[in-house]
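Each of the two complexes below includes chain A, the first together with chain B, the second together with chain C.
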Partner chain A sequence: MADFKSNVRSHTVGTTAVVYASDYLNKLTGERIERECKKQLDSGARALVIDFSDTELVNSIGISILLGIIDIAEKSGALVVFSDVNNETVQLFEMLGLTRHVVLAKDEEEALTTLSSSSKAMGH
Partner chain B sequence: MSPRPQQERRILGRVKRAEFVGRDAELERILSLASHANSARAGGGLLILLAPLAGVSELMRQAYDQLFNAQSEAVPIYFSLPASDTTAVSAAIEFLNAFLAQYIAFRRNEPSLAQASLTMNDLVQLAPAADLDWIEQLVSAHNKQRFSSDERELVRFCLNAPRRVPSGNPQPYILFDAVKLANYDNEQVPFAGELIKALAGSPPFVLAGLRREIIREVEQAGIDYGTHEKVRLEPLAEAEARQLVASVARREGVAVSDECRDLLAQQFEGSPFLISAMLLAAREKHLALNSYFDCERLYVDELLGGRLNHYFTSVLENVAPEPIVRSALIRLLSESLRAGQRTASFAAWTRRLNLEAADVESILRSLHVQEIVNWDGETVDTQRGSGAWRDFVRSRFRLDALREPRALVVADLMSAALQRAPQTVARHYRRSASLPLRDVLQAFNYQRVPKVLFDYAAFAADYKGAPTEEIAARLEIDPQAMKLPQVFHTAHGVAFSAELKQFDEESCVVAHAFAGTSYTNENEVVWLTAKIDSKLEADADAVADWCNRLENLAQRSGFSRVQLWLIANEGFSVEASEKLRERGAYASSRMQFELLSAQLSEGLNKSTAAANNEYVFILPMGADNELLAAATAEQIARRLNFRPEAINQIKTAIVEACINASEHSLSPDQKIYQRFRVEDDKLVITISSRGILPASVEAREGRTHGKDAGVLEQRRGWGLKLIETLMDEVEFERVDEGTSLRMVKYLR
Partner chain C sequence: MESNTQKLIHSFGALADLGQEVADTGDFMEMVRTSLHLLLGTLAIRRGAIIECPTHHLPEDKSTNLLAVWGVGDDYQPQFDVEDADREVFLNAPDGALDILGLVQSPTSNLQHEVSTGSGSDRVEETSRTTPESSPIFFHRYATDLQQQGIELIVPMVVRGELTGLVLLGGKASGDAFTADDLEVIKSMVRHIGVGIHTHRLLGEVKQQVVENRRLYEDLRAIYRDTVRAFAAAIDIKDKYTQGHSERVGKYSEIIARELGFGEEEIEGMAIAGYLHDVGKLVVERDIINAPYRIDAKQSSELNRHPVAGFEILSPIHHPYADIPLMAKYHHERMDGRGYPDGLTDEQIPLGAKIVTLADSFDAMTTNRPYKTRRTFDEVIIDLRLNTGSQFDPVVVVAFCRALMKELNGEIKERRFAKMLGKNYLEASKDIPLLTQLLAELDPNTKTVAAGG
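And now, the complex of A and B:
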């Protein structure tokens, strides 16, 4: 079920939280996603999918916040998948080395499938 | 016979308008100010700040004649302070007399009255009916005032006489030639102060005088210097000086060869006074000036006994009225003109002149005003004054102090002048033909220019032999660019090193500059540039000699960061180029230098032409306004047919640049200034803001250490990294505050 309390759309599928980024990922919207992700992890989520299907533009502050989210998730032992990222944004992620720390999926469905396979492989 | 047209009447002018050489702009300034004479917004006056010997009286006389002949509302009044043998009181009374005579002459449209010798009573008799009342009252008041014992009050009365013209009558426009103002320094009455206050009280006016003196006196009189317009009058430029020689010679009927014309223009450094003095002397002595010998013989005669002698003697007598002091002063000046004794301390002058400090101060102030010395309160620099002045001082010392036979002094002076004449003219010809090295360096102001213009070897390999048009076209698209520094001071090398005296003054220039975006010690760099005189490619030995010479200069001057740049007409041999590369020196041929010079000149014109293809937006910081900037850039980029991928790259870069600009927490106006300039093959975007420099930029400039910054700070530096990756050219431009980021994206 969708949760709009933090102005960030999200829902959970089992132990995976799916968080939706807005059309412009900057400091403000990045921090909202970060807060939502932390909340989901605190609530027992074992994996995060951040969906960029609405995102047209990202800036470097937004990207640095995403890296912070990846750090937090790693510390919690959670996996992170980015889904539906447009080509230009992928280029930026590559330029700044983000793609070394995160899996990219074509869409949310592929992200959930990827996580499900990983989870089984890890014996969760 | 028809009457002479009014426009042509010569009244105070010594020459016809057509014979008056140069100073057109200055004349126009004086004439245009006259229109304010009867307006309510009279504003300030015009200060003509004169270099010594630059000459101003004919300029003012010409202005007078034009205003008189125009017979408009402004009544011109020209007055020149008498040179000597007069007091402040008599000068003031003379002024009053001239004022009334010229006012009445104008009102009656009778030029002859302007210079007539008339008593006050005569003037009252001649006053037109419309002016009779106030002139009668003025003369009557003056008759009472002149018998009072208060001299200062009398001077003030006379100088303020123009204010007594009733407001309904045409107002006077005073043209005051105060070049001799220094002669009134020792008066009991503070003449300069009274004069300046009187003029300032009845604008508009023109006050001409020696620049150092006028500035000082205006400030001392408590008058706001900034409220007055200024015209700086320098000696004539070379072409005008030659024209003046020809014009005066023609008028005075003196035959002058072209060679002598050039010599006189050069030897007297464009001084109208000295040039005219020489030609008048030639006329009086019925001499033709057809050879250097003719010129120098006349020069020596004039210097030791003619007009030049009279002028320089009067300067000296005014500076030091006491013969004993004057004699000591000549000795001191003569000795200090010798090589290696350029400067001396105030204390040394006090000891040598054996005078009280106040008296030495007075002498130095007078010499400083005449620009015979430079005196900053402590150090006295004596390497000033015209060449003729220096000859005068040396010869006076030998005649008066050393008591050498006059014949010997004349012979030596003549010999030296004859030896110097061809050198003087040769120096002029060389200067005319030489590269304007100093001008080009002065134009350095962070422009981007093709790097190859400073690398002769690369230029020779890629461009040598190609037609000039082709070279210029190819340079336009040369991708290897370098950014010039901002030069803030240039001087000839000889000002730093006496060793360079053996070369032509123009052959070496020292330019202090800043590279980078901020004025810091680290960014300061001194360009040491030299032109190598060589008909062929300069060889390795010549290059090594110049590099050593310049490096020695840098070491002695304490320059920590230098850039050598050598220029040779035909470029450099392979070995020389190798040596230049080893020493990190730039090298250019004459052609490269000319191309560079052309690019710098073009830059000025381009900026105007570019305005038509330029879009400027100002956005407030914050509220995701960078998206508006990105959207604007998108629209412009679409017009230029950029590919969608490139458009997204531009948008992202602009967003990052705006974020950088917004990070100025102390930005006073909280605005982001954006300039989009469309050029043939590229879009140039400049994002700037006011305020303090962001830490990320400082780190880039090496002012903070990136390794000490935390992870977050490092990540915050990603913006610049992204911009550099996404755009084709990125650089910070020099701005006084805040930052200005220039980004270029090429159409591919």
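And now, the complex of A and C:
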């Protein structure tokens, strides 16, 4: 079910939470996404898909906040997948090493499939 | 796009954002938190903290103050004691940063390796100074703890030769060691943040100084007021028949000034002028002041010296209020020019002096003197009616009567006049009509004031 309470779109598929990043990932929107991810993890999500289909630009603050989300997810034992990231942002994530900690997926569907396979592989 | 170019663009963007953040003096803590995000996000550093060091002028205060933290455990609140020896180490940090890993594990850390390969042997020599032996206190105390929290680098914030704070940084998300270029970016951003913190600190000090100065000024004014009151008491003691006169004149003057819409400072000034108006009597012989009969012309002339004497006494003093000496000098001037010492008329007489004149006369009329008992309120009203325009300024008389009316009709609860005149002197039912009539004669607009009661 979609959740608009924190102005961040999100929904869950099984134990995976899909959170939609906004058009410009800066402090304000980044912190909202971080809160949403925390909330989903606290509610028992075992994986996070952060969908960047609407995201044009990620600045340094956005990177820092995404690293924070990765950190929290790792501590919770949850997987993180970034989906539908534009080429420029992919390059940025690769350059900065974020891709060492997350899986990139073409779109949300692929992200959910990836998570489903890895979950099966891990015997969850 | 080439990786290096993209990295540069990303770093420049972050620097530009940081410049804006630091310049924003709105919410300091928010500025620091955002700055930390910008710094961490520029190089994708996973965790970090910004810590403020106490100023060096406060040697007893060694504890740091955590300003912002990101990516370390929620319960980790780094706080350190920075000793003088540590301060020296931080101020002289080679390449502007100290490598925790190198200090805890081995003399050749990742940072040292990267820096040495990138920039020559002189840097190797410099980094070799960051051994536990050269910084025994801080690093022996905290390095292991910092490493356990994933902190790898300490970057001192040095502004104008002072240690403003420390930036603690974890490793990069890429897992790579910091390069010399990374260090340059970090140092540049840390300098920006340091300036922001330093500026905030300076602003805080200035604000504190302003508060302190205001407090000192208030203290000085209080001392001044107390001194003036003591002085007024001393003046009145000389005249055994008019004890409390100066203080009452001060209070009447204050009431009139308030009624005339003066500002608080001016009102205070008027009270002071009232307290000091007779200071010149200190140079008049006590026998003349205390004569239990009407004094003769010669004695009167001697007594009439007191406004000028008062002016001379008060002039060398730097009063925090305007025209105090002039109000003492001219409080026996009259509108019609028949007063003394200069025979000034109407507009030549400062308004403050006119206020003191009425306050002085009213108190003289309403207190017992050696040669006459005080007048009844009816008689005072008659005197005011007779002398307004010739002796008293109508504007001042109207203000005085309005203030009195407000007390009589209950508009003002504080019994300011009753306290000075005695509770049986005024009688609302009898005096309100008298005042109403006088006010109507002097200023038709004041009818509504009387009717309000």
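Note that in this section the second predicted complex is superposed on the first by the 124 of 124 C-alpha atoms of A that agree within 3 Å, B and C clash if a C-alpha of one lies under 4 Å from a C-alpha of the other, contacts with A are read in each partner's own complex, and residues count from 1 in each chain.
What we mean here is this: contacts are C-beta pairs under 8 Å (C-beta built on N, C-alpha and C of every residue); 3 or more make two chains touch, one makes a residue touch a chain.
Please read these numbers as outputs of a predicted model, since none were measured by experiment.
With chain A as the common reference for superposition, the partners chain B and chain C occupy clashing space. In the overlay built on the shared chain, the residue A:R100 is in contact with chain C alone; chain B does not reach it. In the superposed model, A:A78 lies in contact with neither chain B nor chain C. More residues of chain A lie in touch with C than with the remaining chain of the pair chain B and chain C.
By the document's definition of touching, neither partner reaches A:I50: not chain B, not chain C. Contacts of A:L92 after superposition: both chain B and chain C are touched. When both complexes are overlaid on chain A, the residue A:L112 reaches neither chain B nor chain C. In the superposed pair of complexes, A:N59 makes contact with chain B and with chain C alike.
When the shared chain is aligned, no partner comes close enough to touch A:L25: not chain B, not chain C. In the superposition on chain A, no contact is made by A:V8 with either chain B or chain C. Superposing the two complexes on chain A places one region of chain C into the space of chain B, and among 60-68, 78-86, 114-122 or 186-194 that region is 186-194. Annotation: chain A residues 59-61, 63-64, 67, 88, 92, 95-96 touch chain B in one complex and chain C in the other. Chain B contributes residues 624, 626-627, 630, 645, 648-649, 651-652, 655-656, 659, 712, 715-716, 718-719, 721-722, 725 to its touches with chain A in the complex.
Of all residues in chain A, those touching chain C in their complex are 27, 59-65, 67-68, 70-71, 88, 91-92, 95-98, 100-101.
Remark: chain A residues 24, 26, 57-61, 63-64, 67, 87-88, 92, 95-96 touch chain B in the complex. Across the interface of their complex, chain A is touched by residues 1, 3, 6-7, 10, 13-14, 17, 34, 36-47, 70-71, 172-176 of chain C.
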